[in-house]
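The chains carry the letters A, B, C, D and E, assigned in the order they are written, with residues numbered from 1 in each.
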Amino acid sequence: MATLRVENLWMEYGAQTVLERVNLDVADGAFCALVGASGCGKSTFLRLLLSQERPTRGTILMDGQPLPQDPGPDRGVVFQRYSVFPHLNAVQNVALALEIARAPGLGRLFGKARRAALSEAEVMLADVGLGHACGHYPAELSGGMQQRLAIAQALARKPRILLLDEPFGALDPGTRTQMHGLISRLWRETGMTVFMVTHDIREAFALGTRVLVFDKTRHDPQAPGAYGATITYDLPVDRSTSKVPSASEEKSAP
Amino acid sequence: MATLRVENLWMEYGAQTVLERVNLDVADGAFCALVGASGCGKSTFLRLLLSQERPTRGTILMDGQPLPQDPGPDRGVVFQRYSVFPHLNAVQNVALALEIARAPGLGRLFGKARRAALSEAEVMLADVGLGHACGHYPAELSGGMQQRLAIAQALARKPRILLLDEPFGALDPGTRTQMHGLISRLWRETGMTVFMVTHDIREAFALGTRVLVFDKTRHDPQAPGAYGATITYDLPVDRSTSKVPSASEEKSAP
Amino acid sequence: MRRLINLRPSRQGTFFLGALPFAIVLVIYFVFSSLRLAENPADKLMPAFSTMGEAIVRVAAEPEQRSGTIVLWADTGASLVRLALGLGIATAIGLVFGILNGLIVYARVTLAPFVGVLSMVPPMALLPILFIMLGLEETSKVALIVIGVAPYLMRDLALRVEELPGEQLVKAQTLGASTWVIVARVVLPQILPRLIDGLRLSLGPAWLFLIAAEAIASTEGLGYRIFLMRRYMAMDVILPYVAWITFLAAISDWVLVQISRRAFGWAHLGRGA
Amino acid sequence: MRRLINLRPSRQGTFFLGALPFAIVLVIYFVFSSLRLAENPADKLMPAFSTMGEAIVRVAAEPEQRSGTIVLWADTGASLVRLALGLGIATAIGLVFGILNGLIVYARVTLAPFVGVLSMVPPMALLPILFIMLGLEETSKVALIVIGVAPYLMRDLALRVEELPGEQLVKAQTLGASTWVIVARVVLPQILPRLIDGLRLSLGPAWLFLIAAEAIASTEGLGYRIFLMRRYMAMDVILPYVAWITFLAAISDWVLVQISRRAFGWAHLGRGA
Amino acid sequence: AGGPAEAATKTSFKVAWTIYAGWMPWGYAVDQGIVKKWADKYGISIDMVQMNDYIESINQYTAGSLDGVLAANMDALTIPAVGGVDTTSLINGDFSNGNDGILMKTGKTVADLKGAKVNLVELSVSHYLLARALESASLSERDVKTVNTSDADFIAAYGTGDVQAMVAWNPALSDLKTRKDANLVFDSSKIPGEIIDIAIVNTATLKDNPALGKALVGAWFEVLSIMQKNDAAGIAARTAMAKASGTDLAGYESQLATTRMFYTPAEAVAFTKSPQLPETMKRVRDFSFSHGLLGNGAKSADVVGMEFPGGVVVGDPKNIKLRFDLTFVEMAAAGKL
């Protein structure tokens, strides 16, 4: 639903270079899986795509236009943490996305419209396996449940680009397979462009149409912060011939 | 280094039953991998083993004695979150464990002893791949780096029982393999008893000597909180004949 | 041996321990009062409980000769109205500017230094200017409370707004929320419990400013009565009045806690949640 | 269009915007002062800046005949000593009891209700008792500041200690930390930045109580001078004194912020970290 | 605290003074070492502390943390004496002869006060002055509405539209009188000798330590003799007092003009012995009783007794708590100090 083009992107925190010379062209409707060592800058890259931070150098173009300077509903996100609102219970968290979409002025629906939003939200929660926890507050949910809630919330707004930061890290294989199915289905249905950070290479190849590997090409042992990571491998996944077992097969592995 | 016996354990939060009729006998030096659906009560079970919470019914015996009522240095832990101290940088976080061990009264070392502790801490950080991030505060570390820091900190105290709550969830496969090696080595060297929650069944079978599966045996669709989970499968792992690929093989999978 | 931080007293223990310091203070008062009264039965400083009891009956049950009103209730009514107005206005100001300063950098750089300096001005010293601007009647009393309390609430709430995880604000924006919607649906509901905490911490200062204001020009009010009674050191009236003010403040505090528990249950779901 | 919450002004913009409200207030004062002086050249309420300037020279540069001291510096010295003592003691008390009440349930149930009620007692109403117990000299002035500020610091810090994630306390215990070590190495270092925040919010009240105490029994001090001048409504001295107090308080505030930045860098590493 | 209760002989004493035209000589006496000189002479030490808050100084005296204090006659009766502290008036220093006055914005006479709102310090000598003024116009307190107003804010308060009439005292009074919208309708010169400023000390302390009385009286009349003169020393003294009270020489002298100081011991003796004093105190006492100032439980105006020179007693002779004593002033008059 949107193309993305990254040109010679650099990101530095003070003296520490996190990303350098990142170049990328992503077609409409691609599913990019981002992998790389812990701490190499994957979350930072997502923050840049989100306009949460500004690159020190380089540009990002969305549909040929410079990226808007603010985050917006065109790009949805599931963060590693703090992704849900602690003062709203599960169903309210998801309904909030619908309420803002339908009443951008007030950010609040009333009466019938509100009840409709709440019951839609309940359906979406059931989709991510939280049907029984609608009334729970985030503090009452386990880590994996919070993550699933965040996914439901981000999907509710049907963004053109979806950014996922290790969304399935805290899920058991059963639930994870279910979530894989859900994400794949929604991706196919809506045609949105997805960026997903994951540490599970299997998952990256199972879901992605492209796997982007972040790594440092230069290294100075005396100054570990001197050089940043970049995209070292950009692997297209040809699903028909892929030899990697699909996510649903994994369940029966042991 | 310690045996553990759980007898008819129940845990309820108000009307919600989380765990019911849990019985378990763990031999000295066992490595138990805990798996189960998200939200089924694995973290809760660890909290009980830690004396962070008290079971509503049932008893836990350690080496034949009732579990101490307080958490103590005999049982180390890596939580899902909030496991490190935000006001100490990486090396100070690890050194703190050494300082408390060596100066239980003040919790603080001085002069040569302090410098020794700091350089030991640096070695341990290098072990978990954080050698270059010694001076960073937790807020400056990525999610996976924080988790590795927490592991180094917990291991520094050499506990008799180690409780790990999804310790490797946020790690890339390379680092993860490294951490597997580290944990296995330390487990063999110290003979400690380990409980590790994981969603990676492969990992469970690769590391564990026993895999404990938590699940509900009864289910009331009208009242999802009425029944709790228990240990439904208790699988011994015979490493010599295991057909599951070992963790280090996984790296070359794609 | 168990660690101190893990010990929890029983229900009765809680009640007994909580009552202990109060009992100790009462006993100390009783001892010193008795000693003084044994020396000088007309001592004004630490009257006997019985003397205070009589004084309470006089102010709380018997109408005053001159005006025909019952002094304590008239005073209480007048003071509470001023207090409610003052705190209400201060809360509104604190909330609006707290959110503004905490959330919007432009507002912060414009207002924060000024509010910071303003909160350091000793309000009492500027009373003459306040009078000329607002007159001697209710307005200036309410204004003194507002001036005394609002800067604190404002700064405290701004700090709390700044503490909200940045991820939440970004997340709200990715759901399409405008600044206004972020305020209404993300920021405001999350700082309301803190507003209540701030209000609780402001009750003491608010009473302080109320009493100071009533000392300046008034015909009724709890602070007025205390200052009038100070004219001839009638501690038998002053002490019950002080106790009454403390009681009223403690009750308000309790009510605020209850409101917070009921309305913002999510904020009390346990540490660090 | 960009959202308000994402906009950041430039360096110059920040300075200019911050100075704006001060400039506006000065202009308003100048206009009203001129209007009043045009009507009555002897008006005392809003003296011209030149009149204040003369008064400042008088108190800040010319030694007083009687004692040979320069009034402003003598007053400032006396007040600052009292303030420093009062705030120092209040901080110590606040820290000790804040940690105790926040961390140890037994301490909390024993002391929290009492401290809660104590913080509601209007300190001014108990001044006579304070002066009698502690004498008319420095002790009672310092004590008033302590009584005024300590309960707030205590409650605020206790709330903060309670907010620490329970996981941290458990984690520390699994490292073998005793209650004392937890206090020294986990709790104390984490609430020190908050203590500084609390101190900053207490500066205003501390000055207030100092001035109140100096207004009753004193022969020097900034509050004493203001009170003395109030009888004549010598605003040409009072206003510069108020400005001076405000300046001193604002400087202390700034110093505290700098200390916090330098010493507790980790606490300023960005939102929600 | 080592209060006067444990009287007996002691050698150090604490006396408080507050800033007021008639009491500034005390401050000057302290600065010039005159108090120390006299105390040394009698082998004692006297700590003259300055307090800003007049009422607080009297409360401190009543509570026992001071041995003596300066007070108005009415406050000496209603606070320490009613509080069971046997009190002796050591020196009748002066009486207000225009230092207290009633100002109106529109009215011209006391009769115009009818129906007006009057700002004043309630239950103080101002209140007494108002009562006497109303009496002189056959009005009662019911005909006005009193608003308690802090004395520190007289000037600022008068400047607001909310004030119709005000009872004030110096220095605020002289400042307010210069306003165009201030008519003086009554002042204390119309009731001369009724608002008296006295130095009071604890009777038991004084009895056990006559040296205290001698030293205070001696110091007082020495300062008065200096400041009274128009020579360089006198002007310097008055200038210093002016400065200490926050004004200049002219301002201070205008305040002194409305204060009838008893500059010599003889004048003080004559005033204290006159039969007018018991009459005045009786009036003050009746006013206090009707306003509940003799203790809220007081059954009659006679609960507290007052003793005057020559054995005259007003009120309960078995409960004498306020004594106008001339022993020491007479010693001064006779030059025996």
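To be clear about the criterion, a contact is a pair of C-beta atoms (placed from the backbone, for glycine too) under 8 Å apart; a residue touches a chain by one contact, two chains touch by 3 or more.
For clarity, every value in this text was computed on a predicted model and none was experimentally measured.
Enquirer: Quickly list, by label, the chains bordering both subunit C and subunit E.
Expert: The common neighbours are D.
Enquirer: Which chain pair has the highest count of C-beta pairs that touch?
Expert: C-D
Enquirer: Please compute the C-alpha centroid of subunit B, do the same for subunit D, then give the distance between them in whole Å.
Expert: Centre-to-centre distance between subunit B and subunit D: 47 Å.
Enquirer: Quick one: report the Å distance separating subunit B from subunit E, using the average Cα coordinate of each chain.
Expert: The mean C-alpha positions of subunit B and subunit E differ by 80 Å.
Enquirer: If you average the CA atoms of subunit D and of subunit E, how far apart do the two points sit, in angstrom?
Expert: 38
Enquirer: At least two partner chains per residue is the criterion; list those residues in subunit C.
Expert: Each of 3, 45, 128, 132, 165-168, 173, 178, 230, 233, 270, 272 in subunit C touches at least two other chains.
Enquirer: Multi-chain contacts only, two chains or more: what residues does subunit E have there?
Expert: Residues 59, 63-64, 153, 155-156, 159 of subunit E each touch two or more of the other chains.
Enquirer: Two or more other chains touching the same residue: where does that happen in subunit B?
Expert: In subunit B, the residues touching two or more other chains are 70, 81-82.
Enquirer: Give the pairs of chains that touch; include all such pairs.
Expert: Contact pairs between chains: A-B, A-C, A-D, B-C, B-D, C-D, C-E, D-E.
Enquirer: Would you tell me which residues of subunit D are touching subunit B in their complex?
Expert: Touch residues, subunit D against subunit B: 165-168, 170-178, 180-181, 184-186, 189-190, 264-267, 269-270, 273.
Enquirer: Help me check something: in the complex, which residues belonging to subunit A touch subunit C?
Expert: For this pair, the touching residues of subunit A are 50, 52, 70-73, 75-77, 79, 81-83, 85-89, 96-97, 99-101, 104-108, 137-140, 153-154, 157, 159.
Enquirer: So in the complex, the part of subunit A that touches subunit D is made up of which residues?
Expert: Spelled out, the residues of subunit A in touch with subunit D are 69-70, 82.
Enquirer: Per the contact definition, I'd like the list of subunit C residues that touch subunit E in the complex.
Expert: Subunit C residues touching subunit E: 39-45, 54-55, 58, 66, 127-128, 131-132, 135-137, 215-219, 224, 227-228, 230-234, 236-237.
Enquirer: Enumerate the contact residues on subunit B facing subunit A in the complex.
Expert: Listed in rising order, the residues are 35-39, 43, 80-81, 129, 132-133, 141-145, 148, 166, 169-176, 199-202, 204-205, 224-225, 244, 253-254.
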